[in-house]
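Labels run A, B, C, D, E and F following the written order; every chain starts at residue 1.
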Amino acid sequence: MKIGILKEDQDRRVSLTPDTLAKNAQLVAQYLLEKDAGQSAGYADAAYGDTVSVHDRATILREADLIVSIHPPNEADLAQIKPQTVLVSLFQPYFDQEVSDRLRQRTLRAFSLDMIPRTTLAQAMDVLSSMASVSGYQAVLMAANHLPRYFPMMITAAGSIRPAKVLVLGAGVAGLQAIATAKRLGAMVEAFDVRKAAKEEVESLGAKFVEVAGARDDAGAGGYAVDQSEEFLQRQQQEVQNRATKSDVIIATAQIRGRKAPILVRKESIAQMKPGSVIVDLAASTGGNCELTEDQKIIERHGVTIIGNSNLAETMPQDASSLFSNNLMNFLRLLIVEGELQLDLDNEIIAGSYITP
Amino acid sequence: MKIGILKEDQDRRVSLTPDTLAKNAQLVAQYLLEKDAGQSAGYADAAYGDTVSVHDRATILREADLIVSIHPPNEADLAQIKPQTVLVSLFQPYFDQEVSDRLRQRTLRAFSLDMIPRTTLAQAMDVLSSMASVSGYQAVLMAANHLPRYFPMMITAAGSIRPAKVLVLGAGVAGLQAIATAKRLGAMVEAFDVRKAAKEEVESLGAKFVEVAGARDDAGAGGYAVDQSEEFLQRQQQEVQNRATKSDVIIATAQIRGRKAPILVRKESIAQMKPGSVIVDLAASTGGNCELTEDQKIIERHGVTIIGNSNLAETMPQDASSLFSNNLMNFLRLLIVEGELQLDLDNEIIAGSYITP
Amino acid sequence: MEAILQFFDNNLLLIYLLLFTIILGFEVISKVPSVLHTPLMSGANAISGVVIIGAIILIRQAAPDDYWTLGLGTLGVVLGMTNVVGGFAVTDRMLEMFKKKK
Amino acid sequence: MEAILQFFDNNLLLIYLLLFTIILGFEVISKVPSVLHTPLMSGANAISGVVIIGAIILIRQAAPDDYWTLGLGTLGVVLGMTNVVGGFAVTDRMLEMFKKKK
Amino acid sequence: MLTSFLNLSYLLGALTFVIGLRRLSSPDTARRGNGLAALGMGIAIIATMVYPFTDAPNNYLWIVVGMLLGGAIGWWSAQKVQMTAMPQMVSIFNGLGGACAVVLAMLELLSFYAGERSLDTGALFIVLLALLIGAVSFTGSLLAFGKLQGLVKDKHVYLPGHQWINIFFLIATIGLVTFLLVQGSSIGSIGAIVLMILTLVYGFSFVAPIGGADMPVVISLLNSFTGLSAAAAGLIYGNQIMLVGGILVGASGTILTVLMCQAMNRSLLNVLIGGFGGGGGAPSKGAVGDQVAKEVTRNDAAIQLFYSNSVMFVPGYGLAVAQAQKAIKELDDLLSANGVEVRYAIHPVAGRMPGHMNVLLAEADVPYAQLLDLDEANDLFANTDIVVVVGANDVVNPAALDDPGSPIYGMPVLQVWEAKNVIVLKRSMSTGYAGIQNQLFFHDKNRMLFGDAKKSLQALIGEVKSL
Amino acid sequence: MLTSFLNLSYLLGALTFVIGLRRLSSPDTARRGNGLAALGMGIAIIATMVYPFTDAPNNYLWIVVGMLLGGAIGWWSAQKVQMTAMPQMVSIFNGLGGACAVVLAMLELLSFYAGERSLDTGALFIVLLALLIGAVSFTGSLLAFGKLQGLVKDKHVYLPGHQWINIFFLIATIGLVTFLLVQGSSIGSIGAIVLMILTLVYGFSFVAPIGGADMPVVISLLNSFTGLSAAAAGLIYGNQIMLVGGILVGASGTILTVLMCQAMNRSLLNVLIGGFGGGGGAPSKGAVGDQVAKEVTRNDAAIQLFYSNSVMFVPGYGLAVAQAQKAIKELDDLLSANGVEVRYAIHPVAGRMPGHMNVLLAEADVPYAQLLDLDEANDLFANTDIVVVVGANDVVNPAALDDPGSPIYGMPVLQVWEAKNVIVLKRSMSTGYAGIQNQLFFHDKNRMLFGDAKKSLQALIGEVKSL
């Protein structure tokens, strides 16, 4: 079986790294690497060694039996791919609802990594988690870099600096990592979320949980958040408004699967924030938790820097690639048995991620 | 007495902040603020309140009896200033050796804040310390932001990430703050310096000290480093080379007062570093500790990002201004007694910083 | 009452001794770490087998043909000796794991 | 030797008592926190003033005209009483600072 | 001269008892203390054997045979008994000591009633006391043994209203003793026999309603009874070592009983009375359906840890919830200082976010070098003495390897059961994130230590410090 | 009947002594223990007073006058003495007890030599023992008092080769006692007088070479001597309470002496012999030039902290060097748990970099709310019971305020001397970064606790836990 590794277009990461391949030689396969695919992540073509052959994109699209990438190949690429080829990527069918139809039309078989169920068992393949974790970490670093103030408290000869207040909205994977990182840097951290379990999770990192009473429970939603009542959302926004005006940094990560992100920080709240404060909105790609967020942009409004970026993992390409690559490989090892594709639809993970049945 | 506050040219900080002025109303003076001087640091003109009048630069240069700024006024500005005016700024006479002559020629009286002796007593006015502290903190954040890897160790479902190794060269104020910040973020930190006391100081932050035997002692140099023997420097570079090739991040802060910074990281060492590694060179303005550093630039060489910037304090303008401002005010309170300039040359601090006697 | 006081005055030292022994028994134990509760109980139990001495004295002083006393006394010796030997041995085994390292 | 053994057998209970008292004395102190060393010393010192009882007995049994014995005995009472009263009082003062809060 | 020798031996013996007990109460000296007491006992026995009683027929054969027999039985059973069955063993030995006192007292009484010996009321009282205490101790110990050994189920011996039965026995015993004292020798040996039977039954009944879990406390109490009966026998024979030894055991046994209750956070009365009412104790915390996970006490856990060579901590989400990171590090430091090799096995998905455990342990300053990842740890478990699982669950679930029906089948887990012993610290038997039961908890090698992880760790720290 | 009453009173008294001593060894019960022993003593004295000796002339007037006099002196001096002079006071009381024994023994001997009373060799030996031990204790205690009170300088009483002098005294005493025993009453009262003088001198000489700093140990030793002499007197009078009380004090005094030596990390022999050779002890650590900073022991410091209402820590560079941040937090937690209000005063330039203390304390998880900056702290010192300066120096130097010649004159500092007490933890008297001496160390309110900050804090933690 020939596995093609594409170079990402607007992303410095790569989907498979040399280390992963070296550790998983038992996966009987032939790897075709697009030229300079790993370059920007710190993995030169040479690092992949002899077992991997380097080609141009067209060759790979044409010849590979299975093509891996982080972002899905574009339409032009798809046109070049031979039928029945297997694609593994983040197709995000929740946002691009026709994607499976398009792929099926071309008789391609596609697995979307973001559709892997978030069970304990599947965690080793859960790229959403590993990338969210990177994002959460980077979000705090970015905020710290943009904040014109210190994070930690400092009592110095030139005056006493009070610790920065960081508010984390949404305590999923990214949110938790953001909490941990901000705490490490010495900030006072509070967080909130609508999931019941979130309180314990937040407190398990030593941060303060902001409770807004009356959240709708999420039992049965598989760990994902559910829609909340209008009245609740209002009270929540009230609370966020209160906290936001007192915060130096807001890290917004609240998302609801397959829907627009909830707006948690309204214009008015932003206007009341201290000048220089920073909002990092990781939910930007689905509309953002902050009303003023513009996706993929760093803007300043009312003296507040608003960073809209849902792909911060890309800013830490080396480790992010390595994590992605390990996740992906764990998935491939499920998919490929002794060099053959094994489409075991009884397997929850395979069935869940197979978007072109 | 009229005190003029200039807006900085290439710097987001401001030399006096509203908070400082509010807290020091007892200093009988009239403040003339250049328009938008504090804007970029988060201090709008309005924040300065009624006691401060806002003017254009020319007016201030013309009318003020005492002019404060972070960077010295340029020649054009100087030409506009009336004789006998007192200037307080960072003139850096060690680097710009003719500055005092130039000022004296214009019969201006100048105090250079960087010349304040670094005694325990003068610490409250020691802008070098407070700014270096900001720089050390920001250097680590910047490095973390540029490093394509995590700082902390992470054992995750997508593989284990080893902690980043951070090497801090020069354990002065900036170096120590860098050590503390990098440790907070979870990196493994080692540091070295030629001062004897540095070992204890580094260890007092829980980091490892890299010893290179045979350093020349510095007793009597007032805490500043002294030149080292050629042979020692060679062994040191050897050691740095060893450590550097194993480091993910190098924060270079080694400086010798009034001289070119020692080159501690040679080209060859950089070539051997892991791709993606980051060097932040705070000594850039005096030549840099790293052979390839280019001042005020972020470059990539051999896959290593080299950030040359001696003015990182500027990237955290709000707190940096506030600290600077407090330092400056402490100095002014020494200089101005009941609204009158008190040129007490018996005072070590005043005498030390008075560069146009 | 008179008799008790009489007894008290006559056995003053014995009473001092009894009281002091009781206090000593309390004292000696009062700060034992709970990890030692069972071994200590076992050791104390072995000591309570001291009653065997009574059985020995009894037999030694019994008439050689008083089989009733001899038999029961020997039963007492067997019981007491089991208690003593078993008690100390079992305690020792329990305490083996406290052997100092190195 | 014979005399000593004789003494031993005759005063068996007394010897038990002495030995047990000594052990008790050791035991009772053996785990005192060092903050209590001085008060404890002081308290023990007060107790050693029990010798005053000897002086009282002496005087009560002395002839009323034996001024020598009476005088010296009274000296003994004064000394002993000073030791007892002063000792306990001083200990109490030292221990005042251990008063429980709240 | 020879009397002096006997007296001296007894004095020596008594001293070794005191000092032996003293040393038994500190781990460092306990073993030597036990040896010392044994030595003293030996000296006393030998002295008793060789002292030339005037006109005594001696009957050495009987004695030696009895001693050899008893010694052999005692030694043999002490060697055979399993470490886990120690309390039972102690109980049975204790019962035998009580029985010995019964025998002595009965002989004394029989000859008294037969008119061969005269006893004044005081002496008679003491003999009766030896009899009754010894008898209660005897049957009580036997029943305690049975319960601990699992031969007798609590419910088999517990009668409704048992507390009234026991009160009746108590009154009956006191009444009978008073009666016998008043009657003197006139009543004949039947009185003694009735008293013996009554108290034997009373001993059994006394222990019957007390829950199996409280048996150690009961044994300790019965042990102090045996001591008292030995002391009473000592008074009969005017023998100081029996007197002193018995009193010592009586006193220390009593205080030990109280301490044991304290360690269980209960009062002695509560154990005895509570048992009266409860009839069998509360169901174990470790029970899930039919299966019951075995528990370990904090002190046993502490001993195991302290005297092991290598310990592996397996932190999980519970560590984070309990915010026990500093406590785990403190325990680590204490153990390390004693030469125990301490490491941490970090499962990739332990906690609730990637690197959760790393964040916590870094906060507590655990050096990176001590952290092992999954593969490293799995290689090492077989050579690890004790694994301490702190609030982890799914990541140590063997179902991932051996239960194809399990939702986590196929996930790599930390195979802690490969280690020699496992101790799991968690609050209850509830499940973890994945919501599935964990067979590890019922594994032979595993013991549960229930409670909040931080509190449990702090308790362990306290115990280890007291060692 | 009345004898029983006397015996019972004595028994009760003896028991209160035992229990009193027991309680004295735990802080919670110490005060009541002392009261109990005092009560027992009172009962024993009253019983002795009222028991009707057959044909006794009683002479109550003498006794009552003596008791009132002694009681008044004792009470008055106990109330007047300063807290810091307690050991001296104990010493002098102890000496008086010894003197009392001397008086009793001398009276006994005088009547013996006058032929008014007969004593067998054993009894004579015991009387001589009471005399000699009491005498040594008497003069020894007086000298110890003098040394502690500063009335006698070590060098004034120390003779070259003093150890030989003492050995000579020892041999002479033994020789004389043997001689007196052999001679019996034939020698006349001169023998007793010579022995008394000899042993009085010996007591003085015994203490002479021992360094002033070791006096508490010596007092404890002499105290156990007094106990023994009381016990000997008890044997003379056949009086159990004197016997038991004396023996108790003798035994516990001995063990206490050993414990005190251990707490000083020395052996008893070392104190006694070391003194023999050393003649005056090592110079104090706290001496700089003419000035001597006063030290505090760890246990005194711990008591002060534990029983205070508010404590302010002042961390400095030494905290960082010692990496004592976790230790300070642990002590904080312990004190807070006891209701002490704990805060931290952070000087702006403490440490070696801006925010140095913040970094460390954040690492140890000290909540930000507990950190006070310079102005906040200076406002609070006056209401703070104890300031604990942990490895800070320049930042608490009063010279900054009151010594215009000082290089740091004008710098704002933490005015810790405004608090009720200050304890400084550092390793020596060396200077800090600025290289200037610190008058705070010699301040009346200040006490030094020398040693590495982490070790000292850990020692304090240990002491506080034992309270």
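Quick note on the criterion: contacts are C-beta pairs under 8 Å (C-beta built on N, C-alpha and C of every residue); 3 or more make two chains touch, one makes a residue touch a chain.
Quick caveat: nothing in here was measured; it's all calculated off a predicted structure.
Fewest steps needed to get from chain A to chain D, stepping only to touching chains, is 2.
With contact taken as defined at the outset, chain E and chain F are each touched by A, B, C, D. Chain pairs C-E and D-E differ in how many C-beta pairs they share in contact, with the greater number at C-E.
For the touching copies chain A and chain B, the fraction of interface residue numbers used by both exceeds half; the interface is of the same-residue type. Averaging C-alpha coordinates per chain and comparing to chain F, the farthest chain turns out to be A.
Mean C-alpha positions place chain B and chain C at a centre distance of 81 Å. We define each chain's centre as the mean of its Cα atoms; on that basis chain B and chain E are separated by 68 Å. Once the centre of each chain is set as its mean CA position, chain D and chain F turn out to be 19 Å apart.
Touching two or more other chains at once are residues 13, 16-17, 20-21, 23-24, 27-28, 31 of chain C.
Among the residues of chain F, those touching two or more other chains are numbered 18, 22, 244, 348-349, 354-355, 359, 362-363, 365. Multi-chain contact residues of chain A, defined as those touching 2 or more other chains: 123-124, 129-130, 133, 152, 154, 156-159, 161, 184, 186, 206. Across the complex, chain B is touched by residues 12, 41-42, 44, 123-124, 126-127, 129-130, 133-134, 137-138, 141-142, 144-145, 147-150, 152, 154, 156-159, 161, 181, 184-186, 274-276, 303, 315-320, 322-324, 326-327 of chain A. Taken in their complex, chain F has these residues touching chain A: 346-349, 354-355, 357-359, 362, 365, 368, 371, 373-374. Considering their complex, residues 317, 320-321, 323, 348-349, 351-356, 359-360, 362-363, 394, 400, 407-412, 433-434 of chain F touch chain B. Across the complex, chain B meets chain F through its residues 119-121, 123-124, 129-130, 133, 173, 176-177, 180, 184, 200-201, 203-206. Across the complex, chain C meets chain F through its residues 2, 5, 8-9, 12-13, 15-16, 19-20, 23, 27.
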